[in-house]
Amino acid sequence: MATAKVREILSWYSSENPGVKANLARLMNTGRLAGTGKFVILPVDQGFEHGPARSFAPNPGGYDPRYHVELAIEAGCNAYAAPLGFIEHVASDYAGDIPLILKLNNSDSLSKGHEPCSAITGSVEDALRLGCAAIGYTIYPGSGDRNIQYENLRELILEAKAVGLPTIVWSYPRGAGLSKDGETAVDVAGYAAQIAAQLGAHIIKVKPPKKHLEVKEAAATFEKNGIAIDTLTDRVKEVVRSAFGGRRIVIFSGGEAKGTEEVLKEVAEIAAGGASGSIMGRNAFQRPKAEAIQLLHAVMDIFAKVK
Amino acid sequence: MATAKVREILSWYSSENPGVKANLARLMNTGRLAGTGKFVILPVDQGFEHGPARSFAPNPGGYDPRYHVELAIEAGCNAYAAPLGFIEHVASDYAGDIPLILKLNNSDSLSKGHEPCSAITGSVEDALRLGCAAIGYTIYPGSGDRNIQYENLRELILEAKAVGLPTIVWSYPRGAGLSKDGETAVDVAGYAAQIAAQLGAHIIKVKPPKKHLEVKEAAATFEKNGIAIDTLTDRVKEVVRSAFGGRRIVIFSGGEAKGTEEVLKEVAEIAAGGASGSIMGRNAFQRPKAEAIQLLHAVMDIFAKVK
Amino acid sequence: MATAKVREILSWYSSENPGVKANLARLMNTGRLAGTGKFVILPVDQGFEHGPARSFAPNPGGYDPRYHVELAIEAGCNAYAAPLGFIEHVASDYAGDIPLILKLNNSDSLSKGHEPCSAITGSVEDALRLGCAAIGYTIYPGSGDRNIQYENLRELILEAKAVGLPTIVWSYPRGAGLSKDGETAVDVAGYAAQIAAQLGAHIIKVKPPKKHLEVKEAAATFEKNGIAIDTLTDRVKEVVRSAFGGRRIVIFSGGEAKGTEEVLKEVAEIAAGGASGSIMGRNAFQRPKAEAIQLLHAVMDIFAKVK
Amino acid sequence: MATAKVREILSWYSSENPGVKANLARLMNTGRLAGTGKFVILPVDQGFEHGPARSFAPNPGGYDPRYHVELAIEAGCNAYAAPLGFIEHVASDYAGDIPLILKLNNSDSLSKGHEPCSAITGSVEDALRLGCAAIGYTIYPGSGDRNIQYENLRELILEAKAVGLPTIVWSYPRGAGLSKDGETAVDVAGYAAQIAAQLGAHIIKVKPPKKHLEVKEAAATFEKNGIAIDTLTDRVKEVVRSAFGGRRIVIFSGGEAKGTEEVLKEVAEIAAGGASGSIMGRNAFQRPKAEAIQLLHAVMDIFAKVK
Amino acid sequence: MATAKVREILSWYSSENPGVKANLARLMNTGRLAGTGKFVILPVDQGFEHGPARSFAPNPGGYDPRYHVELAIEAGCNAYAAPLGFIEHVASDYAGDIPLILKLNNSDSLSKGHEPCSAITGSVEDALRLGCAAIGYTIYPGSGDRNIQYENLRELILEAKAVGLPTIVWSYPRGAGLSKDGETAVDVAGYAAQIAAQLGAHIIKVKPPKKHLEVKEAAATFEKNGIAIDTLTDRVKEVVRSAFGGRRIVIFSGGEAKGTEEVLKEVAEIAAGGASGSIMGRNAFQRPKAEAIQLLHAVMDIFAKVK
């Protein structure tokens, strides 16, 4: 039976059909955080996004797709997320071992000079035949091509919903509309979370927001209403409430690889801000496996302690 | 039984099927203005359009999607309009409590340098499964991308009509074809209302027109024919008759948040000009709830008094 | 806002989308019984089923389709149910005045010697374009053609559900598998309610069960488990719990025309047994209108009193 | 990680896509028998098949659909199987709590004189939107209508497979082609298991075979080859090897309600014959819940002990 | 029976259906390298890509499509790959003689000034009616049009898979995002292999990588992690592990025509790096046939010797 916490979170999604709810429940009932309503997800799309050497050379076991799903299972993650090739490689041999999330769009970094826009690299049909529990999709608010992305996402969400699959949206502000600092500005991060939620995302993944305000009118609002943004915890709070007053699952990425202490300090601040969890890629799979599991467990322990 | 006033208004839509008429009737038979043929609608798309902080920080209860639908119900509005995420969040728990209008396109304000064009963020299929009474859509007459918008709208209207859903069009002149003042010029506002009506809109939503004439040839006509535009009431009259001689429902937005007296004065002038009602977002949900309800009631009272 | 009673009943349908819930709520929020969770529905399919003279000659106003919808509106019924022609005739002129239920199959009585099976006489598309709040369908458990009926019904329910329409099933045991008495036997009535519920009916309409047990094995069970069937109230209780332990809306027809006192006595017994309401055709529309309204009000009062 | 036993069983289904394997794994990784490769499933289709009173009056809690899914969860069953109405009633409120199997065809017992043939009462689309882990389907080898059933089944299996759903086939010999004793004859039971396997069933459900040989030519073969059929264990062995030499999951029903000792004795003999498990309906849900759980646990313990 | 080596390679594709596996096995069980898991494929798309004179004048027999398929058969290649016209010309007369690979997109070199993007010149339907064992497709990572190519490829792979056809992807970095040297840089080659694998390619065809690093961040990674790139063998190793740690079939082209010794030296280095084989066009068909066969045999012998 689901815990009261899991039931409470499912109640935020009362308009969904039982299939979507059941898969959300599967994500929440798996791994070391099962039943807490918290998430630690292992995502490995860097091979596609940054190239294999930059992603896997630091810990070469990761060139093999089996490495990552095994890491996610052994560490007790809630789910493992990856592009089609990586998922397809392991879906049969590890069938039923961990919920899989098929990332349906991806962008390589070999082409330049365009507004950021990922290619659609998988389908809802793929997600079903591979036994996935959810689909994933990246949008770039601020990109000149954002409307195409929003429209494709909406169609995929509707299609996925009909077959019982929830959607996780990576909402990464980027593009001509934003300064470099603006990509992680706290006002923009909150806005990105809101856009994902309005488009129908069930789980929203954003980057930890920095102490910067990008949009002039938003900056005025933050000041006038005394919205605190000094600490990461303050900023996470604002992003979480930007996602329907906290009634959507919002998880944060760890960003670039860094030292263990630094990671855990950041995670603790994120958890204190009301985040539903972490999605941790490079900081996990670029470490030796034992160390990665230790780190992931430490992250899980932090989230498990927050009520 | 419908009132004579409601029957009269429905007679303007005699070519529509009974499903569209029944939903128009539902909108007119709901709330404190039920039976008067007048409308006060609560729209909350600012989270998507302007970002969550600018929209909800002034009255932080509004970060939670439930706040708005409850405000609309408690205030006795005719309907509540919002983008997919906000509607979906409340559609099940408040099923049947108030007519819902699903806004099918939305635009964020993070990207710059393009002609204004909203992304399609919902579908007629969504409107049906969520139990909505109408769809909404924004066009930007004056935008370089207006034709795409008109063409998408026509298809959506046709699709919606077949399943008994009427369409509300937000007609907001904007884009390279217009000066800043031109966006609210009275000739442009009337033109925008006409375009929406010609495209098949059942309810047309425009901004209160300012005393400015944008198009040279139009200005000459206004002068030659002695069309009064000095008072807001004068200008509303011209906009209303621009929408098929008053035989379409035309409602006016309140625009930016402002003081209560100012709002009510403007509404009184709009009502005197023959408007069918107000659609009032920020001026409602950015106030404390009790105050917002008081304001909405005062607005309703003004419209109720106009014959 | 919906009453606690309406919310409770909607909670029985938690797997449905908001559209289906909203239309169930509309049915429950309309008429003199609004908010009570009880139903009095006016159905007029006898013109098709028994022929016009047998149906309408006793009160010739009823030859005109407008008569019936007006009766339903004036009496404060929750809804009006009829075949396509009757609904289509009034849907435009009475748009929005009362929830309409389109009966999607009907059987005339001119052909004999076949197993009972209705023709499909309308579609979900019709229901939408006519602005209906639900579809209706008749099955004949016991008929040699029952499987065709069940399969058509299942497809219609799925199609209707997708567009937010609930389904009312008239479950009338009939056919070679049953004796004449068996058609209204209490075991058979309960079984018919169960079949409708298992097929996905949202509202189940059965006939008042008689004190007869048709199926040998069922008779043994009734006896062994001491299931009371002496009074109509006893029997209604058994039928209601046969529909998912009372967690489905079950309404009872009045059957043949009879005297007012007799009708009200029967209704009181049915109401005491936990029925959600009455669907009353001939007993209403074959009386003069004023009398019919008086009778329907009396029936409503009985249901309103039961908690 | 899946146990070696689960991996071994999955290897029998190597031509399936990962989605089908993942759902088979879910069934094997759930409940008190998780990881053993053994199954105890609670099926409740008797309300449809035999009527509500005969099914639920002995333990009236069972009129309420929630009773059964809770029994299955509390007892630690691998899955809960039922027709659409029962599944739909609980799918949302118990989302994710136990794998659900949607029975896609059902037969009521009110109609007589036809060759046995169930109506299709659900779809693969239903199974997905309700979050089910498998579909179920009944065939009646021996029925004059068997070909229709086989053909429908094949289409459903193909459709289900494409979306990652395995199929459980209830293979119940019945119809004009068989004597009453023949329906459970050991040669016929083995034949029925073979037919289901040949049609693509992933899990095959048969009745415990009796010491009877129906088909003359089969009887000769049994004798000539010295196939033992004296004990139930002997006969179960023959049925299991009839399903691809034991390389298909074959589970046995318990049939009519009977005493606890009798049930457990029969289960022990079935388990010793190599059965993959039991599907136990009436013997479970017609007992008081505590007693039912005790019985189901005892059955599970028997299967857990067999290697 | 397949050799252990072939079985091992097929195990990398465990999520595929038996049809895809069977065609992969056919490719591996054909020709002089049958059973070794190694490939030498003859591709002839230069007529389309470079024009007939440049391609076939050096050895004019090659103007005739029959020349090439006969060369591939006589040399004992695993397969013959070509665009639609060439395949269609020979598919009937040489039916069953050698596995055919239909290249589904091609680019001529008459148009300039666009980002590189091939036209779709065949379909999965063509591949089936022509009896092909696989489809082929070219992507240009680095091209401004790469997303269109990735999206088309994904759809074709899904479609091909459903009918049992594996896909060979020519992954050729090219376009505005890359310098001329970058097109064959070792980091870019590895990235190109990774992208093809993530998109679902079964066999990946790349060019021999040069000792150049294109992407700054990748260069830093190569240095930091001491990835050797001095010899071609080093570089091939890195490309092969970039394709899922060596768990995808990666074959290398020979590029421009050159001397026999040079070709064989290069092939030996490629084979030593763990490549699964060579795809050799111009170096084969522009030589006199006997010489070409001699060369191809020498290449096969090199691969046969590598374990």
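In order of appearance the chains are A, B, C, D and E, and numbering begins at 1 in each one.
The rule is short, and it goes like this: contacts are C-beta pairs under 8 Å (C-beta built on N, C-alpha and C of every residue); 3 or more make two chains touch, one makes a residue touch a chain.
The chain lineup, named per UniProt: A, B, C, D, E = fructose-bisphosphate aldolase.
Keep in mind it's a predicted model, so treat the numbers as computed, not measured.
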| item | value |
| --- | --- |
| Chain pair, D-E or A-B, that carries the greater number of C-beta contacts | A-B |
| Same or different residue numbers at the subunit C/subunit D copy interface, by half rule | different |
| Fitted rotation between subunit C and its twin subunit E in degrees, CA, nearest 5 | 180 |
| Geometric centre distance via CA averages, subunit B-subunit A, whole Å | 36 |
| Distance between the centres, which are taken as Cα means, of subunit C and subunit B, whole angstrom | 40 |
| Geometric centre distance via CA averages, subunit E-subunit B, whole Å | 58 |
| Touching two or more other chains - residue numbers and ranges from subunit B | 88, 91-92, 125, 130 |
| Contact set on subunit E toward subunit A in their complex | 12, 14-15, 141-144, 146-148, 150-151, 154, 158, 173, 175-178, 187-188, 190-195, 197-201, 215, 217-218, 221-222, 224-225, 227, 238, 241-242, 244-247 |
| Complex contacts: residues of subunit D adjacent to subunit C | 47-48, 50-54, 57-58, 60, 63-65, 67, 83-86, 88-93, 106, 108-114, 117-123, 125-126, 130 |
| In the complex with subunit B, residue positions of subunit C that touch it | 1-2, 6, 10, 17-26, 28-29, 73, 88, 91-92, 95-97, 125, 128-132, 162-164 |
| Interface residues, subunit E side, partner subunit D - complex | 15, 17-18 |
